[in-house]
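Here it is, the structure, as structure tokens.
Every chain is named by a letter (A, B, C, D, E and F) in the order it is written, and numbering of its residues begins at 1.
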Amino acid sequence: MTGRAGAFAPLFFLVLLPGVAVAEGLDAGDTAWMLTSTALVLFMTLPGLALFYGGLVRSRNVLSVLMQCFTIACVATVVWVLFGYSLFATDGGGANALIGGLQKAFLAGVTADSVEGSIPETVFIMFQLTFAIITPALVVGGFAERMRFSAMVLFSVLWLILVYIPLAHWVWGGGWLAGLGFMDFAGGAVVHINAGVAALVAAMVMGNRKGFPQQPMPPHNLPTTVTGACMLWVGWFGFNAGSAIAADGAAGMAMLVTHIGAAAGSLAWMCQEWLKFGKPSVLGIVTGMVAGLGTITPASGFVGPGGALVIGLLAGFVCFWATQFIKRKLQIDDSLDVFPVHGVGGFLGILLTAIFASAGLGAFSGLGLAEDQTIFGQLGVQALGAGATIVWCGFLTFVILKIVGAMVGLRATPDEETEGLDITMHDESGYNL
Amino acid sequence: MTGRAGAFAPLFFLVLLPGVAVAEGLDAGDTAWMLTSTALVLFMTLPGLALFYGGLVRSRNVLSVLMQCFTIACVATVVWVLFGYSLFATDGGGANALIGGLQKAFLAGVTADSVEGSIPETVFIMFQLTFAIITPALVVGGFAERMRFSAMVLFSVLWLILVYIPLAHWVWGGGWLAGLGFMDFAGGAVVHINAGVAALVAAMVMGNRKGFPQQPMPPHNLPTTVTGACMLWVGWFGFNAGSAIAADGAAGMAMLVTHIGAAAGSLAWMCQEWLKFGKPSVLGIVTGMVAGLGTITPASGFVGPGGALVIGLLAGFVCFWATQFIKRKLQIDDSLDVFPVHGVGGFLGILLTAIFASAGLGAFSGLGLAEDQTIFGQLGVQALGAGATIVWCGFLTFVILKIVGAMVGLRATPDEETEGLDITMHDESGYNL
Amino acid sequence: MTGRAGAFAPLFFLVLLPGVAVAEGLDAGDTAWMLTSTALVLFMTLPGLALFYGGLVRSRNVLSVLMQCFTIACVATVVWVLFGYSLFATDGGGANALIGGLQKAFLAGVTADSVEGSIPETVFIMFQLTFAIITPALVVGGFAERMRFSAMVLFSVLWLILVYIPLAHWVWGGGWLAGLGFMDFAGGAVVHINAGVAALVAAMVMGNRKGFPQQPMPPHNLPTTVTGACMLWVGWFGFNAGSAIAADGAAGMAMLVTHIGAAAGSLAWMCQEWLKFGKPSVLGIVTGMVAGLGTITPASGFVGPGGALVIGLLAGFVCFWATQFIKRKLQIDDSLDVFPVHGVGGFLGILLTAIFASAGLGAFSGLGLAEDQTIFGQLGVQALGAGATIVWCGFLTFVILKIVGAMVGLRATPDEETEGLDITMHDESGYNL
Amino acid sequence: MKLITAIIKPFRLDDVRNALAEVGVNGMTVTEVKGFGRQRGHTELYRGAEYVVDFLPKAKIEAAVADDLLDAAVEAIANAARTGKVGDGKIFVTQLEQALRIRTGETDEGAL
Amino acid sequence: MKLITAIIKPFRLDDVRNALAEVGVNGMTVTEVKGFGRQRGHTELYRGAEYVVDFLPKAKIEAAVADDLLDAAVEAIANAARTGKVGDGKIFVTQLEQALRIRTGETDEGAL
Amino acid sequence: MKLITAIIKPFRLDDVRNALAEVGVNGMTVTEVKGFGRQRGHTELYRGAEYVVDFLPKAKIEAAVADDLLDAAVEAIANAARTGKVGDGKIFVTQLEQALRIRTGETDEGAL
């Protein structure tokens, strides 16, 4: 890494704010919160996201979704330890704008005493790893109910290495976007746009599920989905407030605006649904919550409560219509609506960050832009970063899918799809009630 | 707020104890624990309480219960940000005995640097908000399976503003009960008596569910209920130990007595059931747990392990009989027994606090009453506070229900009730297994 | 206790390491993390383990398993408060090699100000209690679906007192194994070998479930099992990283190696299953995760990332074959495979700790053995400790079962087993969908 | 002997069972079924995807009765199951050739 | 009147319902059943324990029809349910003695 | 052809299936049903609210057989299902007019 302050975007901005000091040595309070945040973000994927997704598919595919999320967590861990963390966080020398180096491959030199900011480096490694886990796991929603398991494993590993890690390095690891002052506190581009675009590309490359859209495919277990959604909400405190990498006022404000974003997104989606369809639904309100959370994510270290309220409301509204558009109009079978919720939400959040970070909006002010930056200037940087994410992710996801398809075949046979992936891929069935 | 010490009851008492210092500046350790506690208390409602309740209703209403808890979390957040926190926590000037002011409406003046005690004010806002979420969510159990969704939303918002916030201000925000030295560490009156009484009034105003009590209404999914109960137990550590607003010995003792209260309440209910019905049940033991936890809540910052054991045992025993009495004898259909468990438990706990806080009970001693206070004197204050809570809550809940009923109608039609609220209110069904 | 450093094995080793200082007074950061860890470890049992096990049994026994885990948590709490903690943690005088004393029975002398290391003693009590809860709860898997409830309660109480508490004292409370330098950071012997051996003995004494092995007994709800497994993973961060009793580099490293162990164990089991049976399964991968976690547990404070990877991989591989051997070859109906996963895993981990703790293994080095110790010397100590655990636990578990059997009868009648324990022991049924 | 098969609204089940008991029919077998007929199903909506549930939950009752009980039994079911609204269901009667009580080996009317 | 009982593959249900509607059969009752026959079930594996599931999920359709509709209805079902692979199922026909619409009391063909 | 409908205790299902196979009946359809009869149900208790479950879980087996197999099949079922305790269940036999194998179009005995 080129040095803490320059390398890690959130801190980069925080040090510009008066009164927020970054401790030099290890701080037990910060460490306590980051250990907790790490647990919370892992909890978002396992079981949070797994349940959220698992409840949405048909019962014959529930285990396949759980298995996919779980396996991704495992393989991402191994990749991270072997070289992923190093490529993400260390200085890549001449290529540093694009990717880190291999100095810390196999976590070389990392001891119990290594410190990163005010926390043990081991904790920093773990915290960042949980992001490398959830991002490919989010993509699962795009190709759910039809991808072969071996293809899924291969795809996820390659995607993590070729798409996620470089992007994370660009933004948080001292790469070119960090250098430009791109503001993405906890992963609007790195996590949400990225996962959303990958899911959309995967859905299009693989084709719709058999029967879509004529045949209805209602969620098999909504209480499970709601449970997962609630875990996501709670875990997101670790995701966003943990991205302050300290237990301080920045973390507190991030938690507050995250929570407001979730609530506002939920209510906006609920009202929109109530107006359009005559009834509000629990699937709607939790989807609005995810939209609100995904959208506030890049902004969560930069905006205030007023901005969070507006961001959340816009998220619920925009992602609602994006979902209708992709699924109903374009009839692209992004099975669990990853793109319209995470992709569109992340994009919206990246842009709105430039606005609501500004200190000059009265009750809607944020914590302030960089000293010499204007809203419009920042908007440009944000659009550039988001655009780069879309292009990099979109192109490489396509290429990876083609390669994996050629190697092991992407899609289950029609008979396997009819019988369900649980039996055909895993020799198990979810329920024997 | 009139100043920390006077305003926040738990701290008010703690500063009287030798050796417990309240830090002036921000402490990362305290902040870490309060960030965590906030996550834990939100987790109690979403998904904890939602699952606990959701499993207890019939499967055709499971989503309606989840939806109600979730929506309450969202609207309470917006109310809190707009003016709720301000009315709760700030100085109400001439009306301060009854209600706070509007200085911090829209969280005016709250920045990332604002500190409350030793933690960021943002974290304090969030922590208190989670209490404002769970209390109306607890009330849902009283009118479950029969209230219209729009009525539920309206009722919850009005109830939060008119009932919860004033009461919380009285006790924790520097209002008249705080001034009297009323001891309610984490919400025996503010949360549990309050929710219990509101649920009872709602049950009576709305009338019994169709078919009650002739037709049996067994829980549709007890594993879900047990899951929720376990989450409540774990989350309650944030609720009670978090109410110390610090990571210190007071928090540690609160966690210990909370845990003992839960275990003792569980065992008391289990034994009672074993004796009376010949078999212990898992629904029984988890209900005893909730009773034990609700009862130890007001006492949790004031009593020791011995006191906690007695409080827990009494809770399990008394709430068991209260449940039989309300449901079987009086045949009031407080659907999920909120009053006998939370209302009665909270009341019992408020009274027992006066006793077991005393330092003169040998192995059953607590951390001590205020210097010039006796057990009997304190008992008087406690009874007064509990009584005031009952009257304020009971009367206003009734009025709000009548108003909401006149505006949108409280109750689903008999046909809607038969078909279930999931389909009729939300166009969804819980399971497609 | 004979004094902190000598009494608590993990700290005993840590103080030998340069640069890790143990604070004298209370530290809010450490306290915050230990409060959190306590919540996490309770969460492992309730609902984690309860769901993991509950999903694996047939639906007619799901509540019985939840009830057993829950009841154990309650009775263990009472035992711990009454005298368990004292016997575990205090100085037993002349008998101290075997068992502690009764000085702190009924937690005498424990106040909100008592400090243990850098955290309140109340928190230390609670943290240790969560281990005393999960260990007997793990044993439930050995006799699931056939033990009478009253026998289960009696057995668990006696087992906790006679087996668990002495063993915990030997290793962590200043007993003879601590004196020998036995390395068991978070419970490879105390928790996992111990629970595994008890489960095996219980399975053999009680006999197989009716119909085993001819009649298949597939899990009734695998999504529930996966949910529980994920909660175990997350909670295990509290278990292992919490065993550092501080929020520092030791905790961070413990979290990292724990996570690596889980991932590696999962992947090893998955690959093994894929090779042998042609398909990987979600039950397989989560079982591998538990194996990896159980195996890394004793090592988690002593090894580095490289060692963790090897330990995890070996765990998945060895426990896979142990499961096949016990269940298929020997046809012992350890219902939920507690012995091959926890017992064998714990044993393996205890031995591997001696190896990978060594500082001289290059990329696979650990944090170092005691100054005058060699790998072989340490291996001897480890084998001795593991052997003693097996003998003590095996013999006493057998005796306790015989006594309980004589008192109340161990096993449900065949008719009760056919109808299921939920109805026959608890008058409830799990699902009314 | 006749086999009566009645398809009714699920929440009338207890009433029907009681009505049958009153006319002396003390055994029956019940199945959860989905019915399709004149009664309109409801709509479910998931993120804007409409899902029309045509098949409605019904309870199917099968009761074997002696010939002389047939009319009383049919009438009892019909009265107890009627709500007057569409979807109340049907009663079908078929001829039963043999009946056997497994436990005792009793046959025909003795088996019911 | 006849009672047609068809056991079919579950995912053909919608097609069969539509086919029946086309020939004028607008009421039917469906049950989830498990079938055992020539079609081989799948294997499930739990920690190495094999579990052969012989019973396969099927949908059972019961439709009462007037005699003159019988052949058309049977043919409609058969055509709509056929995939050509083992396990497509069976159609059984039994004689129906009486039928009654509970709501109106209409009997026999008027009840269908 | 005859249609045998047997209502049995669920845990005897595998035995009955094997017994039927031995006498040459290789196809059948099974439904989870709830039975009401002489056998007493159990009581469930939820926070003191008693809930008497009269309807007991049973398995219903339907097997179409050629006439000459009828007696052997009925006997096979009865023997395999008998536990001697109340609630063992019933066997009913009705006349089957037609049978059709959907896959091949084979009819009547050839369809079984």
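Definition applied: a contact is a pair of C-beta atoms (placed from the backbone, for glycine too) under 8 Å apart; a residue touches a chain by one contact, two chains touch by 3 or more.
Predicted model only: the values in this text are computed from it and were never measured.
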item	value
Contact distance in steps, from subunit D to subunit E	1
Chains in simultaneous contact with subunit B and subunit D	A, F
Selected pair, out of A-D, B-F or B-D, that shares over half of its residue contact pairs with C-F	B-D
Copies subunit F and subunit D - interface residue numbers shared by over half, same or different	different
Centroid spacing, where centroids are CA-atom means, of subunit A and subunit E in whole angstrom	47
Subunit C-subunit E separation of Cα centroids, rounded to whole Å	52
Averaged-CA centre spacing for the pair subunit F and subunit E, given as whole angstrom	18
Rounded Å distance between subunit A and subunit C, as computed from the means of their C-alpha atoms	34
Junction residues of subunit B, two or more chains touched	27-30, 32-33, 36, 218-219, 221, 247, 277, 279, 281, 283, 427-429, 431, 433
Where subunit F touches two or more other chains at once, by residue number	31, 44-46, 94-95
Full enumeration of touching chain pairs	A-B, A-C, A-D, A-E, B-C, B-D, B-F, C-E, C-F, D-E, D-F, E-F
Partner subunit E, residues of subunit F touching it in the complex	3, 17, 26-31, 64, 94-103, 105, 111-112
For the subunit F and subunit B complex, residues of the former touching the latter	44-52
Interfacial residue positions of subunit B with respect to subunit C in the complex	17, 19-20, 27-30, 32-33, 36, 40, 58-59, 218-223, 226-227, 230-231, 233-234, 237-238, 241, 246-253, 255-256, 259-260, 262-264, 266-267, 270, 277, 279-283, 285-286, 289, 304-306, 309, 363, 367, 431, 433
Subunit A - residues contacting subunit E, complex	215, 418-419, 423, 427-429
In the complex, subunit C residues that touch subunit E	213, 216-219, 277, 279, 281, 283-284, 287, 323-324, 327-328, 337
